[in-house]
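As written, the chains take the letters A, B, C and D, and residue 1 is the first residue of each chain.
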Amino acid sequence: MKIGIIGAGRIGKVHIRNISLFVPDMEIKTVADPFANEATEAYARKFGVERVTKEPQDIFADPEIEAIVIASSTNTHAQFIIEGAKAGKHIFCEKPIDYDLKRVHEAIDTARKAGVKLQIGFCRRFDHNHRAVYDMVQDGRVGKPHLIRISSRDPEPPSIDYVKVSGGIFYDMMIHDFDMARFLAGDEVEEVFAQGSVLVDPAIGEAGDVDTAVVTLKFKSGTIATIDNSRKAVYGYDQRVEVFGSEGVAMNGNDIPNTATFANGNGTVGGTAFQVMWDRYEQAFVNEMTAFAEAVKNDRETPVTGEDGLYPVEMAAAATKSLKEGRPVKISEIA
Amino acid sequence: MKIGIIGAGRIGKVHIRNISLFVPDMEIKTVADPFANEATEAYARKFGVERVTKEPQDIFADPEIEAIVIASSTNTHAQFIIEGAKAGKHIFCEKPIDYDLKRVHEAIDTARKAGVKLQIGFCRRFDHNHRAVYDMVQDGRVGKPHLIRISSRDPEPPSIDYVKVSGGIFYDMMIHDFDMARFLAGDEVEEVFAQGSVLVDPAIGEAGDVDTAVVTLKFKSGTIATIDNSRKAVYGYDQRVEVFGSEGVAMNGNDIPNTATFANGNGTVGGTAFQVMWDRYEQAFVNEMTAFAEAVKNDRETPVTGEDGLYPVEMAAAATKSLKEGRPVKISEIA
Amino acid sequence: MKIGIIGAGRIGKVHIRNISLFVPDMEIKTVADPFANEATEAYARKFGVERVTKEPQDIFADPEIEAIVIASSTNTHAQFIIEGAKAGKHIFCEKPIDYDLKRVHEAIDTARKAGVKLQIGFCRRFDHNHRAVYDMVQDGRVGKPHLIRISSRDPEPPSIDYVKVSGGIFYDMMIHDFDMARFLAGDEVEEVFAQGSVLVDPAIGEAGDVDTAVVTLKFKSGTIATIDNSRKAVYGYDQRVEVFGSEGVAMNGNDIPNTATFANGNGTVGGTAFQVMWDRYEQAFVNEMTAFAEAVKNDRETPVTGEDGLYPVEMAAAATKSLKEGRPVKISEIA
Amino acid sequence: MKIGIIGAGRIGKVHIRNISLFVPDMEIKTVADPFANEATEAYARKFGVERVTKEPQDIFADPEIEAIVIASSTNTHAQFIIEGAKAGKHIFCEKPIDYDLKRVHEAIDTARKAGVKLQIGFCRRFDHNHRAVYDMVQDGRVGKPHLIRISSRDPEPPSIDYVKVSGGIFYDMMIHDFDMARFLAGDEVEEVFAQGSVLVDPAIGEAGDVDTAVVTLKFKSGTIATIDNSRKAVYGYDQRVEVFGSEGVAMNGNDIPNTATFANGNGTVGGTAFQVMWDRYEQAFVNEMTAFAEAVKNDRETPVTGEDGLYPVEMAAAATKSLKEGRPVKISEIA
């Protein structure tokens, strides 16, 4: 199946490489990026891409192209979903669809009416450690989930310029964890309470955001999830989930670079979590794209639908409001 | 130093045994319990106790007795602290001092005016796993605490009759974790938000309590702690703490009965957490009593003061109010 | 049951304390030690011992005493077993019975003819970590043992004066592991090959011993065990066993003082193995003595019989000969 | 640099794929295999190989080709090294060079005289877990190695037909561990003692081999290494090394597919070792080829030289002789 990729920034390049190397069912015909230059073309050619253009229209208008990957800036996602759907393309779109819930609904509805498949890039569902915990919940051994704990901590905050336009930590960073909480709980959130502090960099506070945040989610069935985010973990990417239920507890830890340990009179020393997100999620990015290819090829529902892309945005909106107003916020106020 | 123990119930018997076997600086002269019977006397004699009585007065009035251990029911703690202080006895009192903050203040003030030492039985501070994390925070390697996570899950809920008079999960169970959060953060709490569900036993809900609870604490310096409690963990006592800071993260896990693991084609299997609380905290109970003996003997401040006994009760009150009213509650509203 | 303890040195004191505190079925009437002095008496009284004497005869001749614990120097073990057996006492004897196989046979035969119970102090069988692996083998989940690995490393070598009279590392240190290998394999050894080096302290070599040794044992059924010993592990007592079989592998690790770990950019740090052997095996010493009391009380075979005490001495003899002659040695050459 | 690959069997295909995808400094011009067919060509084209031939001569005679990878059957290795060296090609050769030490010497000498680089495919040196332990030894934190333990266990034995021509477990399987022991010890072996049993499949014994083997190596400096191999570990590929030295101990464990664990009343369950060797060593295969490319490109010594390829064959010969004759064998008898 021939595909087009819109956006050749960091995540775009990752998808170009992964699809070319590891997703045999897909062939990248065209890459579109408004800033496409020689470096972009060199990169694209290296991975067997036929054509590089500045114009996304070249992808929408191409009858040969069956599916598209939207990896452009967030503020173009909804637009490209709508155009791509109207052009009859199946769509993989990076998270989030948009920060504006109206736009999110518009994009999802357009895709549904056009009868095209839509998958949202919540890649952590495909991370081997998180997927293993999810599978344990799915096979019933945990029983009914009572408590969920999710920690996500990045090694470094983004630039202040980025922070200013990011929409805030709940939209920019915790949105992955909102999806993960839903994914693990198998239920919908009813109420959201957010707490936040500026502990890493005062400039983040001056930019109107927080760098350390904790959100409590109460699900309809009574399950309670807590998510903590920090913009700076000196030991690397820290991504851990735990589902405690009526029949047991499933949890994971971080991958370590190797299993070697050393012990002497001072104690035992081992490795630490991967420093680079791309390493951390390499296989997850491949898995999600493979899953998208299979959904398109076998005419099945995508594993992370447009609907799945909606709820985390609602939760981010509720968390943002909760932090601002200092009170719990019901999803029904937001949706 | 001769001591008297008031209360020979479950925790009272633990202290009788531990002091007799492992705290050489103390000698139990008298045990007082209103329900003292032959079994009580047999137990006491086994551990070398001189006298068993139904009357706490026999302890207060005895000039030979230098210090007392209050292990009676919660509703007698404040009274016995006051009487013991007025009688010039140094006091170790099981948690909590009382549920009524006025009574707590009264007891602490009486002890202070009398110039006697007062130690509160928050034994988890003396658990080797929690103490080790505390020490890591103290030695500066974690930097400034940003996020604290505490999980406390019991293997079985108490009887519904007990639940009805327990004061609720925040006073009865989470109070240990409130103390632990303060202990680890080295800071005071500003605001408390509680979420709760009835997921283990509907009868607990009917009794006006919850069996699954999550509390978020915001500290004055911005540190955020989350505590989760469940009344039923099928795998045993689960007690874990984590302190994430500017320079690293310290965390612990549960003790396991042994280090043996078995692997075959299905995976790897190992042991599980201790089932019985007394096993779980045996050494902690000994350590706290040893620390009390040392404080009395060397005229030093006790490691868990009356003040330390006040804040967790404030936090429990705030959490109870927060859950009831569905909003965050400032400690200043409660104190 | 009243018992007598012969030998109040290091291990003797451990047994005095453990029996007094933790083995309710036994009451120590008399302690005999040729060097008994005021300190010995003070220690004994503290643990409720009735009488301290310089004469083992006082124990053998006492009709009140039902069983004896032999914790004297190795060169007296066989003699005391023989005298004790003839006096009709049940016997717990520290390892080894003797270095001379003729004397070992003599002692075991005398005890058998006298119809008294005999238990040998191979306490590691009662260590919770080793016992757990043993239990896994016993319940069949490992299948037939194919390969066994045992590592035993001490934090410090004994004094050179002790090394000179110890009989060598195979009799003094590896003898525990010979018993453990037999215990885990559930089979008898056919052939022994020893390799050794002097790597810790040249004085040990000058004393005619080695400080680093590896022995391969071939069992009758084909199972192969390897044991390594070192007289100096800077990180503490290291005791690990592994049984690999047709259906899986069971292994253990060292206990750690606590479960706390710390991670920063340099890696993860945790605790290390216990430094002191007494800590390491405290519960094992209690367990073996409890098992002895139960065997006597219920008229059952002891869990570590005189026969069990014979084979490790044969294996030590074979290993010593193998190292000296640079060749594998069959047990049949030794027995 | 243009290279030629001789042999497109299992390991040959792995190298074709890895070099094509992950070793940008190399370009595979020609693949030679006497059984080359359409499938071979399809595979080769997929990875950008220019030409597929049945004739190794096409590679030796091609002036464009700078280096060759020998992945053909063992009995051709020496011959191809000699031909390749004479043709002035740099050579990466799969292990072992040959079973006949004379042929090994011949091949190494020819390569040296021709001034071409020679690297032997002992890929485990490049496995992240083994490399990490090696690095710990190299940085001095372990001190002088005293004891080395290596376990290598495969999930399934090879076919009996293969066993019959394999040369025996020491040449076929343990040869990797002989190299690893040398690599970790940083020393040369003086004496070898082998013990073996037939415990997995009697047919292996009938074919003149063993399926369970333990070898003790004594190094010149006194370091002692023990290696155990089993042809059947039901839990997957088990590869663990440990280096115990004067200053501490470094060890590793097996990679696990994910970090998820589940706990309930029965205990804790986790993943198990990778089942497939190719997964297990994927990155190692890439690393060794990358290292070869760097050695050729930068005119440096290869990290695993022809000499390094000699010693493990000597050790395999000594082990085979030791098992047969039931005695330790000095390398000097073999070399």
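In this text, contacts are C-beta pairs under 8 Å (C-beta built on N, C-alpha and C of every residue); 3 or more make two chains touch, one makes a residue touch a chain.
Here the structure is a predicted model, which means the values were calculated and not measured.
*Asks:* Among the other chains, which touch chain C and chain D together?
*Replies:* Touching chain C as well as chain D, we find A, B.
*Asks:* If you take the mean of the Cα atoms for each chain, which one ends up farthest from chain A?
*Replies:* Relative to chain A, the chain with the farthest C-alpha centre is C.
*Asks:* Quick check: more C-beta contact pairs in A-B or B-C?
*Replies:* A-B
*Asks:* Please compute the C-alpha centroid of chain A, do the same for chain C, then give the distance between them in whole Å.
*Replies:* 58
*Asks:* Roughly how many whole angstrom separate the Cα centroids of chain B and chain C?
*Replies:* 41
*Asks:* Show the residues in chain D shared as contacts by 2 or more other chains, in ascending order.
*Replies:* Chain D, residues with two or more chain partners: 234-235, 247-249, 263-265, 271.
*Asks:* Provide the residue numbers of chain D that touch chain C in the complex, in ascending order.
*Replies:* The contact residues of chain D facing chain C are 144, 146-147, 149, 151, 153, 193, 195-200, 212-214, 216, 218, 222-224, 226, 228, 230, 232-235, 238, 244, 246-249, 326-328.
*Asks:* Can you list the chain B residues touching chain C in their complex?
*Replies:* The touching residues are 21, 128-129, 131-133, 136, 141-142, 247-255, 257-265, 271.
*Asks:* What part of chain B is in contact with chain D in the complex they form?
*Replies:* 234-236, 256, 263-273
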